[in-house]
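Next come two complexes built around chain A: one with chain B, the other with chain C.
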Partner chain A sequence: MKPSRLPSLGFVYYLGIALLLYLPILLLVIFSFNNSTVLVFPLKGFTLKWYGQLSQNGELLQAVRNSLLIGLGSSAVATLLGAMGALAVVRYKLPGQGLFTAVSALPLVIPYVILGVSLLLLYREIGIPLSAPAAGLGHVIISTPYALLIIASRLVGFPDNLEEAAMDLGTSYWGALLRITLPICSPALLAAFMLCFTISFDEYSISSFLVGTDNTLPVYLYSQLRFPARLPIVVALAAILMVLTILVMVISEWLRRVGQTPARKVEPL
Partner chain B sequence: MKHRGRFAALIGPPSLYLLLFFLAPMAVMALYSLRAGTLGAARDVFTLDNYRLYLANDNFHRLLLRSAGMAFAIAVLASLLAYPLAYYLAFQAGTNKVLMLTLIIIPTWTSYLLRIFSWKLILGSNGVLNSLLLWAGLIREASPILLYSQAAVIVTLVYVWIPFVALPIFAALERIDRSLLEAAADLGCQPWEAFLRITLPLSLPGVVAGFFFALIPTLGEFVTPLLVGGTSGMMYGNLIQDQFMRALNWPMGSVMSLAMLAVVLVLIFVLTRFGSLSDLAGL
Partner chain C sequence: MTDFAVELRQVNKTFVSGRGAAAESVAAIRDMNLGIPPGTFFTLLGPSGCGKTTTLRLIAGFEFPTTGEVLIQGRPMSKVPPNRRPVNTVFQNYALFPHLDVAHNVAFGLEIKRVPRPERDRMVQEALEMVRLPHAGNRKPSQLSGGQQQRIALARALVNRPAVLLLDEPLGALDLKLRKAMQLELKQIQKQVGITFIYVTHDQEEALTMSDEIAVMNNGVIQQMGGPVTLYTKPANRFVADFIGESNFVQGTVVAVSDGQATVAMGAERATVEHGDVDLTPGQTITFIIRPEKLLLFAPDQAPAGAISGTVREVVYIGTDTRYLLALASGESIVARVQNGCQSEMAFHSPGDEVRIFWQPEDARALAG
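What follows is the complex of A and B.
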């Protein structure tokens, strides 16, 4: 290969796709500073008023609160269930595992509309009222597989004789899990928790069937998309959220990398 | 057996959760599909009428077929666009490849709804694309023809899926033993020939994974068609959503969902011939 100063064709292609991927986000950020209620070019001048109006919007703040609550709740449950499932799958070879791994990975590939309506029917059948927490129960189903996979890939990275050693020294199995396994897995647990949180926080399809009269942030955002006059405020909120989500995810990715000793392959699920 | 007890204590709670909030809802849906009344109110009636009506309605099948076609087109386009990207990152990007891959993934961490909505701004009559075409003199007056069409849904969803499809392809390309390519070159194989006979076949599991991971969720998509598709861009997912939220014919909605679930399960079965779901996900 001869060295050349021209960027390679591959790099140009990469740059093109990257620009395309960032274009819609960039557009929203630009409009969030635009002094006009209509989101069209040409721009009308710079303003921060949409950001100022954010804090006065009670409905929106309530939606943010709901989303935070079910996000934290559903990710905590999903991380716990994922950790238990990961331990069962990685540390044991017993009948029942195959069925569990097959079923637990299914929500990764079932369209959300089906999960949403089937939960709606279940809730109606057994009389669970529709609410934001009811939607959170659905979020656990879609985020648990991700938590399980992240934690499992950490568990295969260190041998279980550490747990055995602790038990030889007198602690119970559960004590060993709590005092040996938990600390070793904590970066993976945190990464799983954060990924689950962002899944829940951004989830619209399932929530739209289950929230009833409550709002989550995506459900509120969607309802606002029909009122052009309120759009700039929504867009300002979106700009803030994008920055926050990117921060959370960068930290979560970093934790995942830190938590992973030289990769050994995950036991096939 | 101590081991069995511990195993049961660990696998019990996640299994119970799956049973209660994943499998039970599917069973309830199957039950509803046999009921009568708009909200499935007649609990004691068991009828196959909903299935009969469903099977007799050509519009439903046409929409399911069209949605499958759109999802197929979207998955093909996303795979075709993602492959060179993954190839560049795996083979040519050098030491920065992880950072460059992360840069491609970052946009997917931002609000799905608003990224879709942003495409409405891009494709709309005062949108970016129209302004650009006007400025370039390619069109004389702005028109919203780009928005509210099947094409708009396809463009938007291809955009959504490119990074997700690139990920498993990249993982598959990374796993390829580079010495195979050297050996091929030593034996007089042209680069394009080595690509066709070594790289491409070995990366196919990643392509298949990416393809299906785009195809299956797209089948059930209803938000994107609502935002950018208009009536002509409507998909099967909209039909289901409509039955539950507006027409309120829940038994019929259940039949429609089960029909889609059947299609999806067949696709998952085909997919798992290539490897386990979690392996394919590249997680």
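What follows is the complex of A and C.
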């Protein structure tokens, strides 16, 4: 039998999935340059005015600033907590370790809406005012498991006695962490930080319950959908965010892989 | 004051395994007393799980004794962390720092001690030359073969000039040929630098090849300590006899005891064995050991006095030697190993042949217990 000239079923399937995933994003980008307030074909001509209006909208810029601050702050804390957790899980045999790992990973499966409501109740109970930092705390909770998993997967790739070897050569335990563990984990730390940032940056459910008056970007965008005239601005912003998010994800994935596969050829000396 | 490089006094180490009600403490080391003179190549030998690595980790400071005391150069180490001990370790998996090149790996300990740059560079280069990898400095560990990584791990430890170097099965991951070469090289380096080496291995041949002194361990207890010749020719008990080399264990009843030797009855036959410092009384049933290469085989009509009779069961030709599996009159089976010298064809026996088995009395030793 001759090899068929038709594309294989797998390729068709792959193409279908890719279209389904990326066509909407492509449309978003296209419409952000369209000179019309209604998002329908045919296109009415090229414009940059939506991007121009975007930069003059004070409320929106404030929301961007809030999102950036919450994102950076919560990712820093989540990465630190994740790193500590990863060290505990990978390097030590502790009683109750299985339970600890399960509890650490729990936020991955709790719906954000439920987490948002429960945090709202908790904050009211203990008197934390609804604000950007309050929402940031919620983001720390949801992103720490991701940080832990990324850093732990990096740690297990190295011999478990590198810190011992460093101590044997004269450093204290903290010195060993600083001189050995930190450098070998740095790509994972950075990758974890960036992933946590993207999680926080487009998180809506928890923020909507907890930000109070400090709107984050997703919360602000959602509120703007009530005004059809502002829709193109929202679309333009969404296009920018999409591109930025993809960029961050690509960089963090690349970082995660740096040095992960050291199988280089051994040359004779 | 002690003259030992490393001394263990009444050391016990127990680990707790399991949890909750099922938790039980497992003794890894029991009542260990050990003194290692400076400058020796000392080996801890034993099967896996015998406590040899735990002993090494106690000396390195990664574990602390449950009771008892570890002394290094006469100083008690009970409150001294690993980084303050005058010892360095070569790890089984080498544990080279993957993000540093070879030169920085070797320089690590010197940097911590703030040895000035020019001197540090010189010492690193010397160490690399000692392990015969003078040009490896700017490689990453991942670019080296297993054998090369092993040498770098050795250089990284030795460059610090420790009082004691600890080696945890450092040759375990290498292939046989490389391992043999490294054994001789390690021994040579140890002589050259004069540092006390404490070497952990489960390979008895490796231990015999390299060591000045060997401690044979089992179940957390030192079974016997001595030089390679002593351990091989005068094993203190059945475990040591079995673990080091090949041994025949034969049972007999003591008939008479004289000066250092005893006459043992095996059925109708009599044989003479050494009893060393084991107390024997006539009538007692004992086990004695004979190494297979100490047995001489004769045809029934040529046998010297004192030989016992046996039947050849199996003959295995293994090049330099021929191994005979023999059945004694008592039904016990023993192995004889006869070197294939020029005259051995004369002495060649076939399965089913009746033979006489002879040994020098000093080559058979009664075992305690």
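The working rule: the second predicted complex is superposed on the first by the 253 of 269 C-alpha atoms of A that agree within 3 Å, B and C clash if a C-alpha of one lies under 4 Å from a C-alpha of the other, contacts with A are read in each partner's own complex, and residues count from 1 in each chain.
Basically, a contact is a pair of C-beta atoms (placed from the backbone, for glycine too) under 8 Å apart; a residue touches a chain by one contact, two chains touch by 3 or more.
These numbers come from a predicted model, not from an experiment.
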| item | value |
| --- | --- |
| Partner chain(s) touched by A:180 [first = chain B, second = chain C, both, neither] | second |
| Which of chain B and chain C A:165 touches, first, second, both or neither | second |
| Residue contacts on chain A - larger count, chain B or chain C | B |
| Chain B versus chain C as contact partner of A:51, first or second or both or neither | neither |
| Chain B versus chain C as contact partner of A:11, first or second or both or neither | first |
| Contact residues of chain A, present in both the chain B and the chain C interface | 266, 269 |
| Residues of chain A touching chain B in the complex | 8, 10-11, 13-14, 17-18, 20-25, 27-28, 31, 38-41, 77, 80-82, 84-85, 87-88, 92, 94, 96-97, 100-101, 103-115, 117-122, 124-125, 137-138, 140-141, 144-146, 148-150, 153, 173, 198, 202, 204-205, 208-209, 218, 221-222, 225, 234-235, 238, 241-242, 245-246, 248-250, 253, 266, 268-269 |
| Sites on chain A touched by chain C in the complex | 95, 158-159, 161-162, 164-172, 175, 180, 183-184, 259, 262-264, 266-267, 269 |
| Contacting residues of chain C [partner chain A, same complex] | 19, 60, 62, 81-83, 87-89, 91, 93-99, 108-109, 112-113, 133, 135-136, 139-140, 142-145, 148, 156-157, 160 |
| Chain B - residues contacting chain A, complex | 2-4, 6-7, 10-11, 13-15, 17-18, 21-26, 28-29, 31-32, 39-40, 81, 84-85, 87-89, 92-93, 100, 102-104, 106-107, 109-115, 117-119, 121-122, 124, 126-128, 131, 159, 162-163, 212-213, 216-217, 219-223, 227, 237, 240-241, 244-245, 250, 253-254, 257, 260-261, 264, 268, 271, 275-279, 281, 283 |
